[in-house]
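The following blocks contain the structures, represented as structure tokens.
Here come two complexes built around chain A, the first alongside chain B, the second alongside chain C.
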Partner chain A sequence: MMNKTTKWILWSVLLVFLIIYPLVFGIYYTNVFVTFAIAALYAVAIQMLLGFTGFLSFGHAMYFGVGAYGTAIALVHIKGLPLIVSVLFGFASALLLALVMAPLVVRLSVTAFAMIHMAFGMLAYTLALKLRNITGGEDGIGAFPIPPLRIPGVFSIDMTDPTNFYYFAMVILGVSIWILWFVTKTPFGCLMVGIRDNANRIDYLGFKLPQTKAVLYLLVGGFAGIAGSIFALFQNLISAMELYIMHSFIQIMQIMVGGIGSFFGPILGAGVFAVLEELTSRYTQRVELVIGLILILVIMYFPTGLIGMYHHFKTRFFTRQAD
Partner chain B sequence: MDATTAMYVAQGLHGLAYGMILFLVASGLTLIFGMMGILTLAHAAFFMLSAYFSYQVMQMTQNFWLALLIAPVVAGIVGVLCERFLIRRVHVMGHIGELILTVGISLVILDAVKAIWSTDSLYVDIPECLQGLVSIVGMEYPIYRLFIIGLALLVLIFMALILYKTRLGMIVRAAVSDADMVNALGINVPLVFMLVFGVGTWMAGVAGVAIAPILTVFPGLADQMGMDAYIIVVVGGFGSLSGAFLVSIIFGLLSSYGVQFVSQLAPILMFIFMAIVLVIKPVGIFGERE
Partner chain C sequence: MSILETKELSHDFKGLWALRNVGLQVKEGERHAIIGPNGAGKTTLFNVITGTYVPSKGNVFFKGNDVTKAKPNEMVRLGMGRSFQITSTFSRLTAFENIRMAVLSKRGIRFNLFKQVDKMNDVTEETDAILKRINLDGERDIPASALSYGKSRSLEISMALATDPDIVMLDEPTAGMSRDETHTAVELVRRLTEGKTTVIIEHDMDVVFSLADRITVLHHGEILAVGTPGEIEKNQEVKDAYLGEMEV
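Let's look at the complex of A and B:
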């Protein structure tokens, strides 16, 4: 185990890296990093459901999308809305959707859970496509005003500047990821793992299964909504395409590539995907081919993902085993 | 017959034809996903691949019937190879592994198709004997769509006969309900499953060839159809052919009448239908197990 000093050093190195990153790498890579960070929060939230509690969802893009639309629509219709409140709008609208969905889904088995999410996810997608006067259809909602971050009379920071927005996004996303990490360390987090490993036993111990799942479900939906909200602010555009089912699958793939069941796996997976997309789109036209091949290779040869690979090699080369 | 009734009948026939195509794709998926429990998202990719093969055969021979014969078989062989060398190995990992693997396969197929045939829409001609209109109770209707309905019915009957009347069908059904037991009886279950996977892919291939002249052949062909077929299998109930048939027809009619009455909301009707069914009965209309 790492001792406290090394841990603090590592955290401060990470912090310094995040702070100087936009100064060193310029605007383009800053934006790439924000995209990655959004995907990371989204994947971490899904991982709470998939890796920790064992529920596969094929439709969580709807929470991402509803969060994004919530923020965008609030900014279009309410003049002078503060930035933080607009993010809270995204969070709240995703939470509201989760609140409506929770009673329907918490008692379902794993397969039915996945399928019903696919149904509602596609319903959300087609609704976003067809309710043109609210969501803008294929064109989506774009060019809405991005309010500056300000406390009246104290300071006001322009958020249309990429570097400023980078810091803002890092704080929001970082705090969100930290909250989710904290949740996994609480007794509630242990309960989640317990539900995954042996739901009956948790039930016999006297915990209320549906209610526990509902709380977790709200949490996951809400934080997916925050990721969506930041995405909408970052792109200054949200269209129905973000709700498409592929955007539910990509997160599952990132989790698999990173490592299922570990907290930092999805972040790693999101990073791998970001780098891959960056590299493949630069050197070849055939992005899908490369990603498809990598998915096939990963699942055939490293089904536990990168984190699993790390543990495999660690035990193989760096630990002594009694024969 | 007055114009309004004729329109209703025509829309009904359109819906029936589309429903039948859906059923061809969905019944293959019922075999693979519903019965064998292999979550494959590559099914629609094979459907699209077969449409491209049919275009290629048409280019070379100008013979639609030959295309109908060859293209689905080639697509089926590609499917069997994928099953034998890829999907089988990750089956033990459960649905997540299959999901990722088959998404990978369909991405590769999609990009390969784009590389070989470009992204343009390719046109496939309807064979001469199926061109033109036929008069049904005083109304003109394209022969080709009737041909599709007939073709799908033929495949359906053929499959039902094999599945419920032959020894092979009996083995398949037994292997689906208890693979270990059938294996212990000395039957090569993986081979049976490989065969079923091939037949399922072949059926999607037939649908691909049949729809090519109507919709033209383009890479996006897989998207819509794949999703619809999935929803049909889930709503109809896992492994239930009659469920898939019923829901395919309902979806076909929903989409054709939906376009007529509430054109804006037509695609939503299907998902609303699915959501309602699943909320009431999560295993689907005729589903008995998870």
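Let's look at the complex of A and C:
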């Protein structure tokens, strides 16, 4: 067990690392890190649904995408929109979609849940392609103004500067991940894992299943939307491709590699994917080939993912055998 | 005064009438056993009463309210606890977390997203007290799936009781247990349900006659006899039903 001091030291080291990272590694790797952090929040949100509550979704790219479009469209059409409000626009549009979807999906079985999401995910993708005057179709929406972060009369920070944007993104994404982590520690978090283990018993203990799932569903949708919103601001471009089904699968793969059922697994998985992509793209364009291979190896030898592997070796080498 | 009553309760599984005109009456404060040969409809009766199924015909009354169409979670909120014949715990959660789930429900903590559950000291204390009472304090942090069969049955029963219900429905608490385990389980049930209205399905006749105040005998979905253990023991029809079963 870690004691309090070690924990504080670890957190401080992480914080210092995050602060000095852009100064040490330069603009290119700063941007790589932001991409990773966006993927991490997205994957953590999906993990709440998949690893904690046991519901697989093949279509959560639509929440990511709607969050991104929400922010981009708001910035295109509303002049002088503050930065934070534009993120809230992304969050709210994803939340709204989740609110519409929730009554439809909370009573479904696990398989039906996955397939319905695949269908709606593809529908969202097609809509984004076809509704050209709203979404810009294949070209998407690009080059919309990125407002500075400012409190009038106090300060104004230019967000087109990658280093400034890095700090902004880290705060939003970090706080979001922290909120999700906190939720897993509350009584509601207990309910989530209870539903995963034995939904019937949850009902027989007096909890309302559909309502509980609905609250979780809103939470997951909303935070996937925040990830999308930051993505739109970061790229200054959002196109229908972000809604494509692969963007629902990749997060599931990251969770599998990182460790299903563990909160920090998806962050690790997203990190592994970011590094792999960075390294392999130097030599070949077939990044997916390497990622697929890693996924197969993990599933074959460590179905519990890298976090599971860590625990396995820890107990093997660092626990004294009973005599 | 009956706390639980069914009137002309019938349930049809696509042509198979698992229950026919069952009029069960459970008085407040008694231990009521439901016995009957395999396939008599005992578990179906439980499922219909606790809300798994809506009966094809008839009504269920609990504390004077018509609860025929109530869902399981509504029945629990009205004050009914239920355990299952096939152990139905949260297998990957520890014994402590299993009981805590019931304690949270009892305290009405359902959508709390703002306080860490580990910091709710009253919940932790109550859960630990329950674990101590059922002799599971030694297995506090062991996953339910790793408990011995007897211990996991204890956990199963205690979860039904931990919501502090007014009536508790136990579906074969000693199912699949060895003689020793049965003895321990019966003592546990006796201790935990003291003064509490209990409906219990049981196969083991020794258990039934030592625990129950009154017995209802089900046979082919119908009530064959109702009475005290002494009356049931002497009833010729009941003997025939069980002996007939043995010949098959």
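Everything that follows uses one rule, which is that the second predicted complex is superposed on the first by the 319 of 323 C-alpha atoms of A that agree within 3 Å, B and C clash if a C-alpha of one lies under 4 Å from a C-alpha of the other, contacts with A are read in each partner's own complex, and residues count from 1 in each chain.
Note that a contact is a pair of C-beta atoms (placed from the backbone, for glycine too) under 8 Å apart; a residue touches a chain by one contact, two chains touch by 3 or more.
A quick note: this is a predicted structure, and the numbers were derived from the prediction, not measured.
*Asks:* Classify the contacts of A:I151 with the two partner chains as first (chain B alone), second (chain C alone), both, or neither.
*Replies:* neither
*Asks:* On the A-aligned overlay, A:L191 touches which partner chain: chain B = first, chain C = second, or both, or neither?
*Replies:* Touch status of A:L191: second partner only.
*Asks:* In the overlaid three-chain picture, which partner chain does A:R201 touch, first (chain B) or second (chain C), both, or neither?
*Replies:* Only chain C is touched by A:R201; chain B is not.
*Asks:* Identify the partner contact of A:L295: answer first if only chain B is touched, second if only chain C is, both if each is, neither if none is.
*Replies:* Once the two structures are laid over each other on A, A:L295 reaches chain B alone.
*Asks:* For A:V100, using the defined touch cut-off, is the partner it touches chain B, chain C, both, or neither? Pick first, second, both or neither.
*Replies:* Neither partner.
*Asks:* Report the partner of chain A that touches more of its residues: chain B or chain C.
*Replies:* B
*Asks:* Would you check which partner chain A:V171 touches, where first means chain B only, second means chain C only, and both and neither mean what they say?
*Replies:* Neither: A:V171 stays clear of chain B and chain C.
*Asks:* Figure out whether A:I9 sits in contact with chain B (first) or chain C (second), or with both, or with neither.
*Replies:* After superposition on chain A, A:I9 lies in contact with neither partner.
*Asks:* Please output the residues of chain A touching chain C within their complex, sorted ascending.
*Replies:* These residues of chain A touch chain C: 182-183, 185-191, 193-194, 196-198, 200-209, 212, 215.
*Asks:* Please name which positions on chain A make contact with chain B in the complex.
*Replies:* 50, 56, 104, 108-109, 111-112, 114-116, 118-120, 122-123, 126-127, 129-130, 245, 249, 252-253, 256, 260, 286, 288-289, 291-296, 298-300, 303
*Asks:* Which stretch or stretches of chain C touch chain A in the complex?
*Replies:* That would be residues 50, 71-73, 76-77, 82, 84, 88-93, 97, 100-102, 104-106, 109-118, 120, 159, 163 of chain C.
*Asks:* Note which residues of chain B are touching chain A in the complex, please.
*Replies:* Spelled out, the residues of chain B in touch with chain A are 41, 86, 89-90, 93, 95-97, 99-101, 103-108, 110-112, 115, 227, 230-231, 234, 264-265, 267-268, 271-272, 274-275, 278-279, 282-283, 290.
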